[in-house]
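Shared between the two complexes below is chain A, which has chain B as its partner in the first and chain C in the second.
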Partner chain A sequence: MSKRKKEIQPLLQQEFVSRASTIWLIVALVMVQLPILREIPIAITAISVLSVCWRVMILLGRGIWPPSWLRSLLVVLGLATVAINFKPLISLESAVSVLAVGYSLKLLEMRSRRDALVVVYIGYFLIASSVLFSQTLLQTLYLFCCITVLTAAQQGLYRRTDSIKVSSTIGYAGLLALQAMPLTILLFFLVPRIGPLWSVPLPDNSARTGLTDEMTPGDIARLSKSDELVFRARFASVLPAPRDRYWRAVVLDRFDGKTWRQSDFRHSGIARGEWQSNQSSNQLSSNGWWQTRESGYNYEIMMEPTGKPWLYTLGQSASVPKESFLLRTLRLEANTPVDVRTIYNIQASVPDSSTVRPPAWLKKINLQIPDVSNSSSRKLAQQLWQQSGKVPIKMANKVMAMFREEPFFYTLNPPLLTGAGRNSIDRFLFDSRQGFCSHYAGAFVYLMRAAGVPARVIGGYQGGEVKEEENLIQVRQFDAHAWAEIWVEGQGWLRFDPTAMVSPERIESGLEAALAEEGSFLSELPLSLYRYRNSGVLNSVRLAFEQLEYRWQKSVVNYKEEQQREFLTKLLGKGNLLQKQTLALVVSIALILLVSALLLLKKRKPVSVEQALYQRFSKIMAKRGFRRLPDETELAFAQRVISESPELAGLVRQFTSGYCQLVYGGGQREDIGRLRSILRRL
Partner chain B sequence: MSLKAIYQRWLEKRIPSARRVTLDQRRIFIVPTRAGFLWLGIAVLIFLLAANYQNSLAFGLTFFMVSLFMLSIYHTWRNLAGMTLIARNSEQIHAGQKSRVSLELQPEGKERVAISVGWPNEETATTSFLSSTQLTLECRALKRGHFQPGRFKVESVYPLGLCRTWSWVRLDFHSLVYPAVDSSRKLPQASGKGDQLGYATTAGQENFAGVRRFHSSDALTHIDWKGYARTGEMNTKLFQDSVGSDIWLSLDLTGVTGLEQQLSVVTGWCLLCTHQKTPFGLDLPGQRIEPALSQAHLEKCLAILATYGLVDEQS
Partner chain C sequence: MSDVNQALDALSQIIRGKQQEIRLAICCLLAKGHLLIEDLPGMGKTTLAHGLAQVMGLEYQRVQFTSDLLPADIIGTSLFDRNSSSFRFQQGPVFTQLLLADEINRASPRTQSALLEAMEERQVSVEGRALSLPKPFFVIATQNPASQEGTFPLPESQLDRFLMRLSLGYPGPVAEKAILKGEAGRSELGSLKQLFSDQQLSTLQQQVEQVQARDMLLDYVMRLITASRESGHFYAGLSPRAGLALLQAAKAWALMSGRDYVIPEDVQAVFVSVADHRLQRRELGGSARELLAIVDVVG
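And now, the complex of A and B:
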């Protein structure tokens, strides 16, 4: 009968979504969607905003529930937006967008508890998807707040509508979330991690700012406006000197008069073994590459996702980390684009410079310049080549001296060279003479190539902020830099940084010092904490936070199968790890259950002295075979005991009357002692 | 013995009925709800997501969901545990009618939230309380005799709805359910048991029987003031209660068969007699109640009818 009743009236009073719940669900909707705002199309954000506003109106009693045709229309609109916006359709971002549409619109038809529960559950999915995009400490704390709000909403669903305070639910939810933490942490460290079961679409990083394999003057100027983190390098021992902190990433060796590009060897027809190797260093020389020697630094790099395959190394390195390969151009590339935060290790191993000889095809690439245009520059190059006696290093030094001695200026806002067409080098060297590292590196390489010296532009980062307490260097986007390398027989690829001639501060102290006069450092980021490095308190807050963030990334976010094995081996000792791990898991969960069971069974009610006395009395009686019935009064119990074993009559009667006197008759404290002595005699 | 009967017997042993019941761990059951299973399902999905993306925080979220689930077992359980239910009172009713039953819920020092109390297929009330609270529920009594509304369910899914905890409680209300009323039969003729004419009267309160001279011990309310005004004589009015018109009600007179029907008819008669102000007595096999007419008499008779022929189930 009750079942039929429920069918007829689907919304019993307790099935309604309470006001507090609704408020928290709306708050949760806004909060959960904020971190993924960048990933979802603007139209879907608009639908979310509409839903939230509409729902708030209903909550305020000023709106009606949207008709079903409108909801269907919005669903179609949302799905169409997803279909149009995402190519290919199946990607992480499109899945998140569909979730967001569903989440927003479900709010508009959330009338029963079951609907509200669906909203809560979708909220958890959205939280899970937003950690795929970012796992920073701040994001984690923020998502913890989201979870708390969702818990508050869920908890509010099961209270009666009229007995609920909006603020009390969040407090309770926070308490619940905190109470769940110890077990969460335990499970996190002990539950065996499994590797990927099938391949999944990774986050799309194409819109990220960062180095590209094309350099048009101006690109690096754009990067220098960002204080985003690029990577952290932690050194095993000493840090490299500031002048040696050149982080190579890309080798730009093709020039079309305007833009420097990285060669694409894959489609060049050159045999793979000629330009790519993932061999250990010893085998490289036998393949005709170079001999390696132990030198340089051991360090570990934790790089932020770039969506590009290249990895960073300090100077030239011959070490090949896991899942990556070395190129003949002396740079590292990962097997797949770096779409998630990655950690790799570089061993102290460099190519022996005397054995580095570019093969003919590579030499050709490194000499290539457009046949026409920039005639003044070519002429200059020929002059300098003659003056330096056709010695490449002398020639390079002459160009460097030119940059140092003649009025060249270092600026983030140089005049545009777009009008110059393919004569950009001429225009820069003889006309504007104001530029950024890419201008100087590009002009330098052009002059060297025009003189017949193999040369190339290297793109990467220079400098970085030192964190002494962790022995690491932290590099941000504004450390982006371009410099040059020339090849000299017997000396390998030599680094020349023409920017250092124009602005030595840039190399020694970083971009901020170089731009001190111009005042343009991070001028578009007034809120960047990095700008306030000179304010003591703010800076120490920033440093402490960055250190925390690094440790978080290193120990928690990077806790994967391998790290787990390492950690648990240290903790549990060697042997059959899986067995020990399972045992530890079971034991610790059992411990937690035991502790909570003890807490449960412990009487929470504070027992008064009188009650304790009677409990002792009951225990003594129970030993003698008398159990007080639940609804038996003390006197009735005493009567029963006396009638069944008269030999106890005196003491039982004394005790019971004394006890009743004490509890009900306003007895004195001294009576307690008397009762105790009676109990002892019993 | 059927499974249900075994369960009932086990339940009876585990949670015996009493006037007050404190819900302790022996009496409380708990299992996940459908929402709870769904929750675990979602945790598994997020686990797969985490594994495929090798994402530590997604793993963390999964473990958090599992932990919250386990925590909710504890909290849901605790919401019910330690609470005391006390039977307060219930209306005296006839079988087939609904009784309003009062319960007292004592939180025992802890806030109890969203606890629903009620009989299956009957009214269920949901309440939250921090201090002792009264709850009135309607419950239909099907059988005459001691009011035994059966086990009712005390239930809660608070705080997260992931687990349902409940207990089946039987409380003694110490009240009676009178037999159902059957007023279709005509009242039997007054039969004074061998005193057919039965005009014997006894001094009483009901019917005016004349006046006599006032004695100082007479009640002032019985003085014939009107006569005193008329004649100047102070007289006292006399009343008589009829004795001979007493009706003896017995099962044999009902003209129906079956004990329950007979009791129903007699119950109807008792009520009718009281209404008509006709004194009545009960003549049941093995039990006789002398004729009288008062509310207390009626209740006594109805109580006898209610428990007549029943094995005393209450110890």
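And now, the complex of A and C:
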């Protein structure tokens, strides 16, 4: 009995997960779960933290392994949490949450190497799934670190020693990961992009910050607290002047006294052809609504996902990119909500202003104001309308002048107008007189409409950060802005920005300058790199990083089916691309294998003439089916060969004794030739 | 070399079926190393030592080590001579050519180290005078496996002084029967003749020094040593001294095989005896024999 025990013991010992690899596994687990922390419910995170702490206690010798009923209970709890938190149940986040629960709980029963391997593999899977949520450069680098640590953990499972040599283990694992790089890059370029066979609902974007199709004064002030990137625009030639950097996104033309909204034409009963351009492609011809002419800028926009369908354009544009359409309100909309980072091109084409004539239904929308309330404002509008001789432009200039000359103030923290109910315009114009762009734009449009001039609020962004060397403008959430457009017969939709009257700095130099006195710019983001752009080093680091990130997004993350086809056609020529692609894949994998084989062979130390001689002898013998065991000496090997195939006796004996004489005894160089001739005869 | 083979044959008559061990013992003597024989009582350790001394024609002393043996009992004491009215040094048993230290691990560490110093320095210090020991000086120590009670196991540093450690093991059935019949064993010691003179032995020992070991062989020895250090099976690998010892023993073995150069077979033949007692294995670690099996001879 005791003897049997002895035999089993060493096996168990080998299979046991050592302290060192347990520590590696715990570190890897924590690292892998960090990027998906935002996506999974807090209760799941709590279970993870619990199991990690428990495992650490066991490691420190202060805890016991949890009994199986407790483990089962935790599993049930975890699954129940997932079931409660996710509706619909089948989604990417719920799947990742289940993985995360399993990953953490497996720690609590990880005793053998087999269990540990399961943990490692789930870890790799989680790393892959966190790419579905974010693909930034930083994230990618971080995931590379995760892979290294996880590989170190996996490799530690097969190490005998107990010591945790961090540098050597990490170094080795990193080397492994790096060695996988060439193949990864190759597969990235060459493997055909095949559409998904099935799909899960993509991550929910509802919680994102960004423009919405509603504007209540104060909304944009909320956006101005975020330094998140909205889009980048790369211009073909010159950049527009700062005063022209108005990026249109939404057209807010419905007002209920409190909130400005975008019209929902789809459900309005207006014929589709009336409000949606039937142009499917990127043609610049007239579409019947108006004539177009070439003017403006050629540029390419790379926009971050918004979860909303609208696209950004610089000013009014009649150019329609692929998979999108133009609305009568001169706004671009994509066919589907923008859930992934998207790149589109806008060409220099604007509607000829003299031909823009809103149809009756649109005019009606653009004149609509609530019938009651804001009586002082209506009175003011009528007054101004009379004074300006019923000329819309004069009227608009009068309103602008009012904002400029009377004491209106530009501030991020205006007094709340919620108490005013539907009289918010009155309250703002005659009472508080402090506001943000949305207040001014809203009040301006209200006055114009009250006077009978078709007008609307435009939501979007104004300004942006210029990167001269790349001909690029970067727009962030805090560039969000609202302005107004009025329609004038023969001149089309004219832009008026009342904010420019109150705070010219906002338009010329951006939000930061406008808020210089108030000091409220990004005041809630003390760590935002953007705040520190006046410090030289930090700013250059930020700029360099943003440039890198842009390149990464543009050329790596954006490398999709189309880009691949373009790139490979350029590389491999036209013709059956799939066939060529496959061939190229196979050939380059073979090449990589060849190169690595050569490198491995080259690493071996150089052999002397004598050693080469014996290597040749070994090869000849191997062909005849004889392989020398490592501890078999030359003579013992020869003996074995002779005993098994006596016909070789003479030559093998001659060679072996000659060889031993040569390398161990005082043999002469001349003997080498003799030995070679024996080898030839063999 | 015929003398060596004769000696081998003669000893094989007394200790039957242990040719390899006897060869190693002679090899150890030729390499000027001391020999440790480790085995259970009654396995023929003392007989081997006796026989070796007789065949080699060496002057021979035997000390039975006990726990109350003192260093003076081995080295000698100064006695008062009444005739000359002075102290006279009475040489102890260590002043001989072949010393058989029986059951060395029964003696206290103090006594052990006195002997071990003599082994290393080949001289003893008495009252400030260094007295050199006869030449050749050769110690064969025997010990019971250390697990037995009332013993002081030799520490590694002292084990290192022995060139080889042998273990005889039970005899085979034929040999066993011969012993029972009284045809072999200690009773036959008297029939052994002296086959060597002092001169012959020292000539042979000098010839060992001249045996060649070329680069390819040294590479093999180095691979063995490196493997012992890097395998992870042992607390410490072989020391450079152990490497020298291994080479010396291999040379002696090559000489006994009638060659003036060493080949890997020689190294393999002596490796376990030379290396095993110098390696402290970890739990679950391998042995010197396993080490030999994994190291490539050709490289």
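Simple rule for what comes next: the second predicted complex is superposed on the first by the 566 of 682 C-alpha atoms of A that agree within 3 Å, B and C clash if a C-alpha of one lies under 4 Å from a C-alpha of the other, contacts with A are read in each partner's own complex, and residues count from 1 in each chain.
Just so we're on the same page, contacts are C-beta pairs under 8 Å (C-beta built on N, C-alpha and C of every residue); 3 or more make two chains touch, one makes a residue touch a chain.
All of these numbers come straight from a predicted model, not from anything done at the bench.
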{"item": "Which of chain B and chain C A:E333 touches, first, second, both or neither", "value": "neither"}
{"item": "Partner chain in contact with A:E93 - chain B first, chain C second, else both or neither", "value": "neither"}
{"item": "Per-residue touch tally on chain A - higher for chain B or for chain C", "value": "B"}
{"item": "Contacts of A:V557 with chain B and chain C, given as first, second, both or neither", "value": "first"}
{"item": "First, second, both or neither for A:Y158, with chain B first and chain C second", "value": "first"}
{"item": "Partner chain in contact with A:Y124 - chain B first, chain C second, else both or neither", "value": "first"}
{"item": "Which of chain B and chain C A:C660 touches, first, second, both or neither", "value": "second"}
{"item": "Partner chain(s) touched by A:S596 [first = chain B, second = chain C, both, neither]", "value": "first"}
{"item": "Shared chain A contacts, counted only where both chain B and chain C touch the same residue", "value": "160, 630-631"}
{"item": "Complex contact set, residues of chain A against chain C", "value": "10, 13, 160-161, 610-611, 614, 618, 628, 630-636, 660, 663-666"}
{"item": "Contact set on chain B toward chain A in their complex", "value": "18-21, 25, 35, 38-39, 42, 45-46, 48-61, 63-68, 70-72, 74-75, 77-78, 81-82, 108-110, 113-114, 116, 120-121, 126-128, 157-161"}
{"item": "Chain C residues within the chain A interface of the complex", "value": "212, 214, 216-217, 232, 259-265, 268, 284, 292-299"}
{"item": "Touching residues (chain side chain A, partner chain B) in the complex", "value": "1-2, 14, 113, 117, 121, 124-125, 127-129, 131-132, 135, 140, 143, 147, 151, 154-155, 157-160, 163, 172, 176-177, 179-181, 183-184, 187-188, 191, 193-200, 202, 340, 556-560, 596, 600-601, 604-605, 629-631"}
